[in-house]
Amino acid sequence: MPALIVPLSELADGQEADFFAVLSEKQDLTTRDGKPYFRVSFRDAKREVGLPIWSDSPLAAPCRNEWTVGEFYKLRGSIEQSKFGPQLEIRKIRPVEPSDRDEGFDPAMCLAASRFDPEQMFAELLAIAEERIGDKPLRQLVVDILEAHHEPLLALPAATRNHHAFVGGYLEHVLNVTRTCAYLAEKYAELYPDLEPPLDKDVVVAAGVLHDIGKLRELSVGATGAEYTASGSLIGHVLQGRDIVREMAAGQSIDPEKLLRLEHAIIAHQRLPEWGAPKPPMTPEALIVHYADDLDAKLQMMVTAIADDTSDGPVTSKRNALYQHVYRGGV
Amino acid sequence: MPALIVPLSELADGQEADFFAVLSEKQDLTTRDGKPYFRVSFRDAKREVGLPIWSDSPLAAPCRNEWTVGEFYKLRGSIEQSKFGPQLEIRKIRPVEPSDRDEGFDPAMCLAASRFDPEQMFAELLAIAEERIGDKPLRQLVVDILEAHHEPLLALPAATRNHHAFVGGYLEHVLNVTRTCAYLAEKYAELYPDLEPPLDKDVVVAAGVLHDIGKLRELSVGATGAEYTASGSLIGHVLQGRDIVREMAAGQSIDPEKLLRLEHAIIAHQRLPEWGAPKPPMTPEALIVHYADDLDAKLQMMVTAIADDTSDGPVTSKRNALYQHVYRGGV
Amino acid sequence: MPALIVPLSELADGQEADFFAVLSEKQDLTTRDGKPYFRVSFRDAKREVGLPIWSDSPLAAPCRNEWTVGEFYKLRGSIEQSKFGPQLEIRKIRPVEPSDRDEGFDPAMCLAASRFDPEQMFAELLAIAEERIGDKPLRQLVVDILEAHHEPLLALPAATRNHHAFVGGYLEHVLNVTRTCAYLAEKYAELYPDLEPPLDKDVVVAAGVLHDIGKLRELSVGATGAEYTASGSLIGHVLQGRDIVREMAAGQSIDPEKLLRLEHAIIAHQRLPEWGAPKPPMTPEALIVHYADDLDAKLQMMVTAIADDTSDGPVTSKRNALYQHVYRGGV
Amino acid sequence: MPALIVPLSELADGQEADFFAVLSEKQDLTTRDGKPYFRVSFRDAKREVGLPIWSDSPLAAPCRNEWTVGEFYKLRGSIEQSKFGPQLEIRKIRPVEPSDRDEGFDPAMCLAASRFDPEQMFAELLAIAEERIGDKPLRQLVVDILEAHHEPLLALPAATRNHHAFVGGYLEHVLNVTRTCAYLAEKYAELYPDLEPPLDKDVVVAAGVLHDIGKLRELSVGATGAEYTASGSLIGHVLQGRDIVREMAAGQSIDPEKLLRLEHAIIAHQRLPEWGAPKPPMTPEALIVHYADDLDAKLQMMVTAIADDTSDGPVTSKRNALYQHVYRGGV
Amino acid sequence: MPALIVPLSELADGQEADFFAVLSEKQDLTTRDGKPYFRVSFRDAKREVGLPIWSDSPLAAPCRNEWTVGEFYKLRGSIEQSKFGPQLEIRKIRPVEPSDRDEGFDPAMCLAASRFDPEQMFAELLAIAEERIGDKPLRQLVVDILEAHHEPLLALPAATRNHHAFVGGYLEHVLNVTRTCAYLAEKYAELYPDLEPPLDKDVVVAAGVLHDIGKLRELSVGATGAEYTASGSLIGHVLQGRDIVREMAAGQSIDPEKLLRLEHAIIAHQRLPEWGAPKPPMTPEALIVHYADDLDAKLQMMVTAIADDTSDGPVTSKRNALYQHVYRGGV
Amino acid sequence: MPALIVPLSELADGQEADFFAVLSEKQDLTTRDGKPYFRVSFRDAKREVGLPIWSDSPLAAPCRNEWTVGEFYKLRGSIEQSKFGPQLEIRKIRPVEPSDRDEGFDPAMCLAASRFDPEQMFAELLAIAEERIGDKPLRQLVVDILEAHHEPLLALPAATRNHHAFVGGYLEHVLNVTRTCAYLAEKYAELYPDLEPPLDKDVVVAAGVLHDIGKLRELSVGATGAEYTASGSLIGHVLQGRDIVREMAAGQSIDPEKLLRLEHAIIAHQRLPEWGAPKPPMTPEALIVHYADDLDAKLQMMVTAIADDTSDGPVTSKRNALYQHVYRGGV
């Protein structure tokens, strides 16, 4: 009788079962006291679990010579709590075979994905745009752009590495940013009633939604993740996002002042030239978008750094997207 | 019959009246086409109005040789709309005399001040601390610090220059920052329920309230504005704010982990060493505080740059606290 | 009998005559040993001559109070050689009057202009494009863009300050750059015959012609010189030049690889992010364009710094477009 | 009959003996011409000797799989001179066993330590403080701080890496710095007799002694070396050193001007913000302390770089604490 | 009957033969999906061909343990086209033996070398100097320096790494730079006829020839490539090149102004202090030399990066002399 | 009867007398509250005294229009203590006349000069070189260089601005640096007895004496101060100092290792490329020289900043050679 097949993400602690997973990490490392080992991780869409493979393990040879990052495996094992957090114990492992489809294997079940439902995030983003952008032509432009790219946006990550680098990551990040934009636009419009011309809340929200839209052209999403396209490498999403806006706005009667502020907020959203902004934020709208965006990205990097780090001591190593130590807590 | 005495801030356009004001600005300038003039401004607590004094004006000589920034004057004149915005027209001007007290003159009526009532801002800040900091000892610490410095906080500016450099500016800035901190703490605590240890919302709010508390020691507020103290120059508010927290926390039973995160968020709130932070934000709490603080300061600088600039063209000059062009709008 | 009217640029040394000129410079300076004076310059399209006006000169009062940079004057005087180079001696001066038109005054005769004929430079640029771009659709694109903007290109300066900041300066700079591009493309294509794909000489020449084409949108040329437009300030010529190429290329059958390399060379031509390039040169074509452009701009700045400097000693002051000392020669 | 047991640091060249040592280094390297080997070093408190282990050595397998940095071994072998300097030849090796204590093994005998006696260095530091600080309350403060931390100061290294990273390293570094401070304070006080207020020699010496005192809180010293504490990571020794001074000075009648200059010299001793100083040296006293400190640290790094480097050629590699080539001499 | 011996650079695709080659590269790598392999390359003077050696190949053990970069081998094999370009297939391999000399082996036949004949490049450089330097003493100085170092210049590389790092690389680079210098000097002398003093074309050409002449002292060329000398490390070719010029010019009647401009152009040719220039270009001559030099070096790095890169995707990795992605083409 | 003629530097407080002085400073300033005034200073070799000249003073017109920095005046007046320190009160003032020579006027009596006697400093420097450089050829080289430039060294300043910018300033600075070098060389040679090769104390002292010797060629000293020469501007004292050493060492039998270390210490003494060092200190000797030099220069800047500043508050303005606030003391 075949063992029970349970999704990795649903394994209870200590429960032994069969599951399908992708090898998501394989690093040839040495402990601080000089012992060689491999750090490997397996994941499905919702959960990633790692383990060390020491050089005297029977898995050491196949790990070194055969296991391949990005390939799919059928494993039998369990997840055990250790002082380093949950660790996988492997009883059996073999590459996925065609017949495994019959038992429910599907490659898409193993790709890292947002914890949130993409369709729901898309719908919510659309709803914010419709509710919070008062100017009709601008609102229509934003809605048109979202709807014209509905399908690819569902799967798009926010980046190939660094932050929100998973299926649906684009929507998760953009939704966070847009919500903060809406909050801050409201707050500061109220705080500075005498600003002339007044803070354009519509532009803040529109730019929140569209600041990263150029990722659609910068990245190409395939079976194993996202890659940079040729034009993404040579031009970049900051400019390509503005291209999409200009192309969709052509022939529409968008107020030119609003359109210019929107284009500017997109190209300025990374703030400093060495961070990728051809111009710094020169409008209040662009300034707000930058801060909402940057905080969300940096915070996600920090949360990931804390979750992924396996070193000792009160702080993580510097090997993370922030290139700095992060405090892990527990004085 | 004496002319009507009307506060400068209540003068209707075109209404001629007497009023008291301080000379807040006097610059010896040259137009782009080479003509020399003085740019002068007069203000009371709520309004500042400027005018150019050309070299052929009868006011040119007294302006150059006698008028003194920071001194108080009794003026007769009116405010007229021009293509450069409202401008003062001066009919008469003389320094304030002792007897002017009888007509209601008081130096405090002329200092630049927040548009908001300091007592009300203080009360609101206290209320946020009491409602949003769940941990009792931490909450008490924040409340104690605020109440122990009630009086000086009412008048404190946020800086001697740059941003919120006016009476009550400290409270206005800190209140804005704390509100944003409360919003973001709530949002991100909800977004990352699995973060371990969890995002400490109490610390975010407490650090929002206290991040600039060292200004109490860095600045000395006198009749004509704020100056750096000796210890402010040699040590600085970033460290002195942490000193206040440590002194007030001594002997209290604050959770050491919370206290450490609070101290860290204070010293890291300017993020980069060259911006004044001995350590970069290494906790999610400190990261959020930095962004809430930095946005509020930069946005106030930008709003002020737009309001104060008198140059031509679509953007302001670079002579503002941001050292960059800011867009003034109206394509 | 009226004095002879001779263009400033045709005055022989020591010849006294009447002429029309614009006041191009008026600076309130102090000598190194503390004496105040004005440095003023007058110019017509081809020549600029300056003089100091000391505080005891009868011209000192009108200079300080009345003379206006950008206004036109009728002068009587002569150019005398001094140890500081040619200097103007003014016998009479008054603002231009309407009736001066009858004697041949025309404001356009006073604007700083390239030493070369704009139409001839335009024709030469067109000829290079037609001869040196082998690929027909790309060649047609370049020719179309030039011809569509024939008129404004004739007057456009290369910048508002810094380098080639005069009528026709755009064409002078672009022609220099394009010639160098053609030379270097030829040379390096021959040197690296095995490069795969081969160096695209067409793209180098096309990008030489078009690298600054966005100046058409960044700058607005008026009677008294060029100013930044709103979109120029918020977006910038680097992106706007690529916009023009994309708009003109839309619907044409340009080879996408060539078009991408051309777009990239335009946005990368300033090389470093802090110099305004969203991407660094990532193709050999873009690298060559950057060097041809940068050398021409910097050399013109250096030549101007040497010509304009009036300080003593072996090197110029640092007050020039390069912000550095330049050697004036004559050990 | 058991072999003679001789401390590693007392082995004569070529003498074969048994000794105890800790494995202090184990690196998996490749020669410039591509051969793999391990670089390992063994040390006791006074001497460290290394050797390469080639892949065809019988020690290669245990080295790769078993030897552990930080563990203790009993070895039999000798030290032989080679063209690369002294090298260890290993005849036998096994981990230390409990019974080795009977033969004199003690882990403390293997930790890297200063060549100087800690108690003697402590006494000398105290003597300098007592002789060279004229102001009684300040002198007492310095003496009190030293005596209150007598025990931990004996073992404290100056850093976890980089410079003086060994037992007693703190005292060795601080003693060097304080001596230089005393010399320079004397010299410059004499050179600038008119400085007003005069150079405070007491503060220079006190700050020399206390500039790094925060290491007591930044580092936690354990059996195998020093680690950063949580507060050390989040606050840092620069601020924590000032904390110690403030806590010990509280309630004492220290002249506030002297105390402020001392606090400032501590926080400014690393000079630039990116090197860790919240404020740059703004007093002559702080400036002197910075130079005395920085030279001693950098010189120790350079001496160590020369001693440790094993590459060929006239200069060391860049893999040292200075990240630069250092000249090894012998043109 | 012995197999045919054919130079590696003359092997036809698919032709099996014996040849001599040096092992020029051996890297211990891991594929992106985690499989270990060695990347090795063999070269003679004109051609380099690589191959991967997987861990299950019979060559894996000798590769890891015996093959040595810089040593010479006799191989039997063929070159086969693959999707990664030409790859070597090895049938037999053994280190070169003394008797191989009889079959024509000579170590010099394996060193990487310029594609151009050194003697011919030397002759051409000399010819340019003689034709394009009008001033007799300066021309004689340049010719003397070239002829005095005829032999070492033939073999000198332009650098130990980075660009033109092969036998004859110095001449190839210097010849390219000098040609561009001659072109640009001619062009800009014509463009700025009024520059005072005029652009010194002689100096531009002389500095093109001599800008890197200090490499003769900075580098020491041995059998296996170039190394830094002690004086090269401590002083550097920028200063040492000027030394050579000064030593050769001593006692000659060179115009001091020309000599000073030449010395300056040599020390300023790397433009920025952090790129190695003690002074920035302060003369038009030095500015031109910098651009001609920098473009040639950077372009060679880019061409090499494209040729050497073996990664996937539209751009190369950043592991090249430019530390940046380079576009490989083929959208 | 003529008034008593007393040197300015010997005037007692409140004593009225005649004296000769040079106008050393004349700045057109505005007080913080907007009043215009001139800040002027007069000096003889040993003392400089300033005063403000308000716009209503009878001296205002001649000050503005006639007084010239660098010219000599005969004054009658007194020095009075004020809250801003000693101030000059002027009763009479006229330019020096030829006949004033008869009363003892000599321009040299007015140049700013070291407080120390140049001949005595020169003698002391020579003595240190002779006593502290053990190696005979190196010692002779240093002595020869000093003696060959005896005359010009007496008057040379250390710089045209920034630090020790007065007659004899070179010797004062170099003597300070050399003394510190001798102290540190002794100290660290003793501390690191095992350094191999040992710290070369001779080189440290020789480089202390010679590190700035290139100032002899970089600067040209005239009646009114020092100016940069053409070669000083284009090559700089760092390289020119090494030139002097190489020229004097040619044909002498200096140990090449010592000579190379000396040359290196000279070119590396400013440490970072952006501070003017073509190479960083790569030897212990060069490192020591850098610190001894840099401290002396920065400390003299700080002392001067404190002495010269006339602003209010606890710290000086940033307008000094350090571009930073300096603490003035008196909490």
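To keep things simple, chains are lettered A, B, C, D, E and F as they appear, and every chain counts its residues starting from 1.
As a working rule, contacts are C-beta pairs under 8 Å (C-beta built on N, C-alpha and C of every residue); 3 or more make two chains touch, one makes a residue touch a chain.
This structure is a prediction, so every number in the text was calculated from the model and none was measured.
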Revision key, fill the gap. Label-sorted list of chains bordering both chain D and chain E is A, F
Practice item. Determine, using the mean of C-alpha atoms as each chain's centre, which chain is farthest from chain B. Key: E
Practice item. Starting from the Cα centroid of chain F, hunt down the chain whose centroid lies farthest away. Key: A
Review point. If you average the CA atoms of chain B and of chain E, how many Å lie between those two points?
Key: 60
Point to revise | Rounded Å distance, chain A centre to chain D centre (Cα mean) | key: 43
Review point. Which residues belonging to chain D are in contact with no fewer than two other chains?
Key: 230-231, 233-234, 260-261, 264, 282-283, 315, 325, 327, 330-331
Check your understanding: Where do chains touch, given as pairs?
Key -> A-B, A-C, A-D, A-E, B-C, B-D, B-F, C-E, C-F, D-E, D-F, E-F
Check your understanding: Across the complex, what residues on chain B touch chain C?
Key -> 30, 32-36, 55-56, 313-315, 325, 327, 330-331
Review point. If you look only at chain B, which of its residues touch chain D in the complex?
Key: 230-231, 233-236, 238-239, 242-243, 246, 260-261, 263-264, 267, 273-274, 276, 278-279, 282-283
**Study point:** Sites on chain E touched by chain D in the complex
**Key:** 23, 26, 28, 64-65, 67-71, 227-231, 233-234
Practice item. Note which residues of chain D are touching chain F in the complex, please. Key: 176, 179-180, 183-184, 187-188, 191-192, 194-197, 256-257, 260-261, 264, 280, 282-284, 287-288, 291, 294-295, 298-299, 302-303, 306-307, 315, 324-327, 329-331
